[in-house]
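Following this line, the structures themselves.
Okay, so chain A shows up in both of these, paired with chain B first and chain C after.
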Partner chain A sequence: MKKITIKICTGTACYVLGGANILMLEDYIPGEIKDIVGIEGSACLELCKQSQYGKPPFVVVNEKVITEATVPKILDYLNKLTGKDL
Partner chain B sequence: MYENNATLRRRDLLIKLSRLLFEDKLISHIDRIAVQMFPKRSDSSTRCCIYKSRAIIKYRTMAILGFSIEDEYDELMPLSKYAQMALEREKVEFPILTVIDEACSSCVKANYVVTNVCRGCFARPCMMNCPKKAISMHDGQAKIDPAKCVNCGLCMKACPYHAVIYVPVPCEESCPVGAITKDELGLEKIDYSKCIYCGKCTRECPFGAIMEKSQIIDVIKQLKSNKKVIAIVAPAVVGQFPAEFEKIVSAIKQAGFADVVEAAIGADITAVKETAEFKERIAHGSEFMTTSCCPAYTEAVKKHVPELEKFVSATHTPMHYIAEIVRKKYRDAIAVFIGPCVAKRKEAIENPYMDYVLTFEELGALFVAKGIEVGQCDQASIENPAQRIGRMFPVSGGVTCAIKETLGTDNGFNPVLIDGLSKQSVKTLKTYAKGACPGNFVEVMSCEGGCVAGPGVLSNPKIAAVKVKNLTK
Partner chain C sequence: MNNREYFIEVDSYQGYKHNQLVGGDVFLSSKIKDENRIVSVLSDGLGSGIKASVLATLTATMASRFIVNYIDIKKSAEIIMNTLPVCRERKISYSTFSIVDIAHDSNIRIIEYDNPPYILLRNSQTVDVEKSKIKVKLRGKKESRLDFSNFNAEIGDRIILLSDGVTQSGMGSAAMPLGWGINELRKFVQNILNENSTISARDLAKSIVKRAMVNDSFRCKDDITCGVIYFRKPRELMVLTGPPISKDKDNTMAMMVNNFSGKKIICGGTTANIVARELNRDVKVNLKEIDPEIPPASSMDGVDLVTEGIITLGKVAQILENGVTGEPQNNNAAHRLLSYLLDSDIVNFVVGTKINEVHQDPNMPVELEIRRNVVKKIIKLLEEKYLKEAHLQFI
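Showing the complex of A and B:
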């Protein structure tokens, strides 16, 4: 299966508005896809400065921007991406 | 409950108000916030309707402006008027917390509820054993009349089907000292003769109905003036942003503070004095000594376990010593303590050298409002760094570690840790006062995990604790 890259924005706005807890995401990734998922913290992605993306915190999974991201929201998207019910 | 919608809403509002004040638009725009958040025909309300949501936004804003909701005497007074009053205010006043009665859902009136597991049995031990005759049968199932129930719990114990459950009132459940209770309307009220300002209720209420009266408006007003404003940062700050300590210091300066001073320097002094005091007390035959650095704990002793008072260290808190140092260096400056703590607001009001207190959450809001990217700030050089010892304080067990290291060789040091105040641990402290203390040194932290898990933090306490420990290796 193709690799999935998850970029968590650690810019100050994202961090203050809920991003701090998304940094625990790794603990919630199911074992069966752990090998293909790469998680990285990123300096401010500047998405907060462009209103079309919505509200922080932002997480980018491959190319897809997830707004007002939470751990369950990211896991949901991973389900869709892998076609599995994780 | 760390991260939840109530927390995020509060932060969102803190950012909005700070931004308006920095842009000199607070008074002209503040009354629009609630409508912008919940415009006509929007369905973004999680309450009954947008009008209730707007009303609660108004009250949250009042708390952020530093007012007690309980003091409202004119429901038609607009927020712009409150903002004006906040900007004219000279100093902050008691109380520290406020209950938004509109947001309080006046949770369960009785703590015991019969679920539909009830079989409506023949024996009916719940009814037979209820001392207040509060249970009757409806449609083949038992029902508890909340007006008669006295929450004794006998029905739950008596039911063989486990059909009766205990439903807590979260704020009351979290309060270690029974300071928050319902009034005759079922709304929560804080009794300040009992409150220890630990802040647990503020984060446990699922409706976000209990808020701190923020001082962020007062601090921004000072930052905008030509006065020197000095930030005294609690040592837990190192774990609060995804960046090195040096960058956080630089970000605080960029926000307009003239200098950033580590409260850990005060903790260094506390550690030395407390160690000397410990040696002396034990030499004079005292059974044990407890720490005194946690203001919620010392308040709890004063109000609820006075018999323990003689065992509490007379050494002052880190804030006390650092405030003295800052005041000597900057005579006319404004001193702002930045930390994770609600009880520090009380301590600061009583300390003549301290002016204001911000939480880390409020500091984060300030950064966002000013567009400061902490990770991209320069590495500031820390001119007057604290020692390792003082920087250890914010993680549970850290004060013990600091005292142990200062003592040097182990001269019968036998530490005990009370990690978090709860109804249970307050009882345990009472037994210590009666002679049941299992050691000779007791560290007490109101927040489980230490200051890094305080009510005003931004980061996950586990991540923050690792960062504090890495800095004090």
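Showing the complex of A and C:
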């Protein structure tokens, strides 16, 4: 399966609006897809300055921007992406 | 020797008497900016705990004010001794002091009353300075003597001030029945300097106090305080924070980081991204470092530390304001930034003034201050409370 790259913004706005809780994301990734998921941090994804993207916290999965991201929201999207019910 | 050619680092370390929450020793320093002068006082109050703390604080504050305002030493001592509240049990008022007055031309005056003698180290060797006695009349006591010394500092000099908790540590133990003593202490300090001739004032004071605590088997019999004054070549730090107001300054800012010879820190994700882009480097966030309060630090080639911006700076301002004592509680980005600040003599802040409007949203769960205000606050604290030299430049 294709590799999935997840980028978590650790900038100020994202961090205070809930991004702090997403930093533990790795612990929630199901074992079956752990090998294909790579998690990185970003000093700032610079998305909060562009209003069309919506509200922080931001996480980018491959090219897709997830706004107001939470761990369940990211896991849902991973389900969609992998076509599995994890 | 002119004050501007070198930096005077003043720092102290303290251990409290076993089971006491408050120290009865006080080390106080003030910098008189207009005169380019520093006055430091170490005072040990009678007894321990709150009572001693009040005596010592009163003494240190008065001594420092009198000396700063050039009031005669003899008169100052008399006023101090006659002002202190009298202990109900012992019927005496008492606290010791050592005052160091460093003038702009590095002429040093030291006045000592009943503390262990200060140690002067020149080229890592202890040096004896001739002291003259000044007789003082005190209430309750017939007469007391102050020790006065006067000399010129040279680059590399260190002055060590001690409370008797240091020299008397270990007293009664099998290894040192009469306590550590000033001579053994001198040897100990010389050994440290032989191993590390550029040890900072903070680390030297800490080593001495830690050793004294070991002598007392970590149940200190008295408050243990050591203050160190170190004349040395300045250590410089640059803290870069905030994107420039206009984009065409991005490269200027990145080049400032690139060309700076001292240590460099970047605070702010966007700022880090700009520098990384302009210098063609990578920023890597360390996701293994998770802290409930402070966003994780990142790394970039050629930069000593990369942190998030305003939360981290706000935390640093808060810690500086509350006072730094002892060991840092953890190793998050704010504490690391703090260590860099405290280990430097001259801190150059380069602040981009562009504002991220999202931060000003009233719906933000925490109050995010305006960057330049936080930096100004940090600078004020570094200058006044930690005796650092700080510069501010907007970009």
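By our rule, the second predicted complex is superposed on the first by the 86 of 86 C-alpha atoms of A that agree within 3 Å, B and C clash if a C-alpha of one lies under 4 Å from a C-alpha of the other, contacts with A are read in each partner's own complex, and residues count from 1 in each chain.
Here is the rule we use: a contact is a pair of C-beta atoms (placed from the backbone, for glycine too) under 8 Å apart; a residue touches a chain by one contact, two chains touch by 3 or more.
A quick note: this is a predicted structure, and the numbers were derived from the prediction, not measured.
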Partner, of chain C and chain B, that touches more residues belonging to chain A: C
Partner chain(s) touched by A:Cys44 [first = chain B, second = chain C, both, neither]: both
Which of chain B and chain C A:Leu75 touches, first, second, both or neither: neither
First, second, both or neither for A:Asn21, with chain B first and chain C second: first
First, second, both or neither for A:Ile36, with chain B first and chain C second: neither
Touched partner set for A:Ala13, first chain B, second chain C, both or neither: both
Shared chain A surface residues [contacts with chain B and with chain C]: 10-13, 15-17, 20, 23-24, 41, 43-44
Chain A contact footprint on chain B (complex, rising order): 2-3, 8, 11-12, 15, 241-242, 251, 361, 364-365, 367-368, 372-376, 458-460, 463
Chain A partner contacts - residues on chain C that touch it in the complex: 268-270, 272-273, 283-287, 290, 292, 295-296, 298, 306, 308-311, 356-359, 364-366, 368
Of all residues in chain A, those that touch chain B in their complex: 10-13, 15-18, 20-21, 23-24, 41, 43-44
Chain C partner contacts - residues on chain A that touch it in the complex: 8-13, 15-17, 19-20, 23-24, 26, 39-44, 46, 48-49, 56
